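The structure follows.
Note that the chains are named A, B, C, D and E in the order they appear, and that numbering of residues resets to 1 at the start of each chain.
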Amino acid sequence: MQIAKVIGTVVGNQKEPSLRGSKFLLVRFVDENGEDISNGYEVAIDAVGAGVSEWVLVSRGSAARQIEGNEKRPSDAAIVAIIDTISVENRLIYSKRDHY
Amino acid sequence: MQIAKVIGTVVGNQKEPSLRGSKFLLVRFVDENGEDISNGYEVAIDAVGAGVSEWVLVSRGSAARQIEGNEKRPSDAAIVAIIDTISVENRLIYSKRDHY
Amino acid sequence: MQIAKVIGTVVGNQKEPSLRGSKFLLVRFVDENGEDISNGYEVAIDAVGAGVSEWVLVSRGSAARQIEGNEKRPSDAAIVAIIDTISVENRLIYSKRDHY
Amino acid sequence: MQIAKVIGTVVGNQKEPSLRGSKFLLVRFVDENGEDISNGYEVAIDAVGAGVSEWVLVSRGSAARQIEGNEKRPSDAAIVAIIDTISVENRLIYSKRDHY
Amino acid sequence: MQIAKVIGTVVGNQKEPSLRGSKFLLVRFVDENGEDISNGYEVAIDAVGAGVSEWVLVSRGSAARQIEGNEKRPSDAAIVAIIDTISVENRLIYSKRDHY
């Protein structure tokens, strides 16, 4: 999975029928230090109720369909967790609590 | 999914039999600000009736076969939605209405 | 799918048994303007009788196995169509007829 | 598979239900000489009891679900082995013993 | 598939149980002219008895499991052929015979 920040939303009413009811979130990938990766973004289906500015884990590829209700959807990216903390070599590089 | 602009068409009459009847659209990927990504393009099967100059969502990999009629086609990219709006941090970076 | 030019062949007699009888073509990827992409190549199984110098569409990943006879082959790339024309914004950037 | 160093952990309590009980490790990819690859990281599910600072093999894509208990989890990366030695052209470029 | 040179081996005794008995080879990818691609390597399971210094074809993704005995292994890369010759536009850019 990749670490990403939810930065926005994408709306499209004319879509593949199985995608009706899906919420498309725009996420920007960050590196293992929390810095933005240029051109690194994805439009992902939200599986956990994530909101703008939250840090999340994104699964891509066929993994995005291993979610109840998404098994037959033509989606290649899904938000599968909201991140609470990221620790690198005993250093806390992100804590959700500090952001709210 | 990635955000892309439909920029053209690809025609090939000699193709894998299961691809007969498929429409191949040429799409150019854009980043989360709507700027072109160099070398970022795909030839995708259209699942939603998209036209040249429209902004769309493209799914790649096995997701491209999760569309009625495409289950057994050797395609690795599909247009799964026509985008109406893209919002980043409460800023509208794209609105289909403004383009027509 | 990506656009590619067939530029050569790869021969290997010692191979995974299910690949016997497969023809491996070397293809170089081009961008949406027909220019070579550096380091962009693939060794693909030919599903349509393509020849050197022809422009083709290449599917990668599990899509490469959605071809009769290839379902169980350990191949991650296949040529699925020979391109006749590529049009970008009403400009013909490639026509097979002009190349022969 | 790619070679990676375990550098940290990611914790998220609000996640896709099937991921409950999974341990997310942050791994940084290294090249074939053991040097860090910039921006090359993954959050992977641990299948072998790896710890911080160990060198491991990471499988990505659908391979990450070929592990007992992970078959239905929306994960696209897994640690599948702890590396003891890496030898390149008869030169030992990594030995776990030398690190402990 | 990608063209690669076998350059070494990776050994790991603590691994996902289904990987027991697998041989992990370190391969470096080369471009279509036989030149090294920087950072382009993979640790692949050997399906054809390849040895160090041989040139091989590597399949990645789910294709790596389309090999007898590997169907359930969490591997995302496999050596599927040993290359005898590579020809580009009637020029022989590699011949195994010339290397031995």
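The rule is short, and it goes like this: contacts are C-beta pairs under 8 Å (C-beta built on N, C-alpha and C of every residue); 3 or more make two chains touch, one makes a residue touch a chain.
Chain-to-protein mapping (UniProt): A, B, C, D, E = Carboxysome shell vertex protein CcmL.
Here the structure is a predicted model, which is why all the values come from computation and not from measurement.
In whole angstrom, the spacing between the mean C-alpha positions of subunit A and subunit B is 20. Centre-to-centre, using mean CA coordinates, subunit A is 33 Å away from subunit C. Annotation for subunit D: residues 61-62, 64-65 touch two or more other chains. Taken chain by chain, the contacts form a single closed ring in which each chain touches exactly two others. The assembly's chains link up in one ring whose order, counted from subunit A toward subunit B, is A, B, C, E, D. The touching residues of subunit A, when paired with subunit D in their complex, are 1-3, 31-32, 37, 47-49, 56-57, 59-68, 78, 80-89, 93.
Here subunit D touches subunit A in the complex through residues 7-19, 24, 26, 28, 39, 41-44, 52, 61-62, 64-65, 72-77, going by the rule given at the top.
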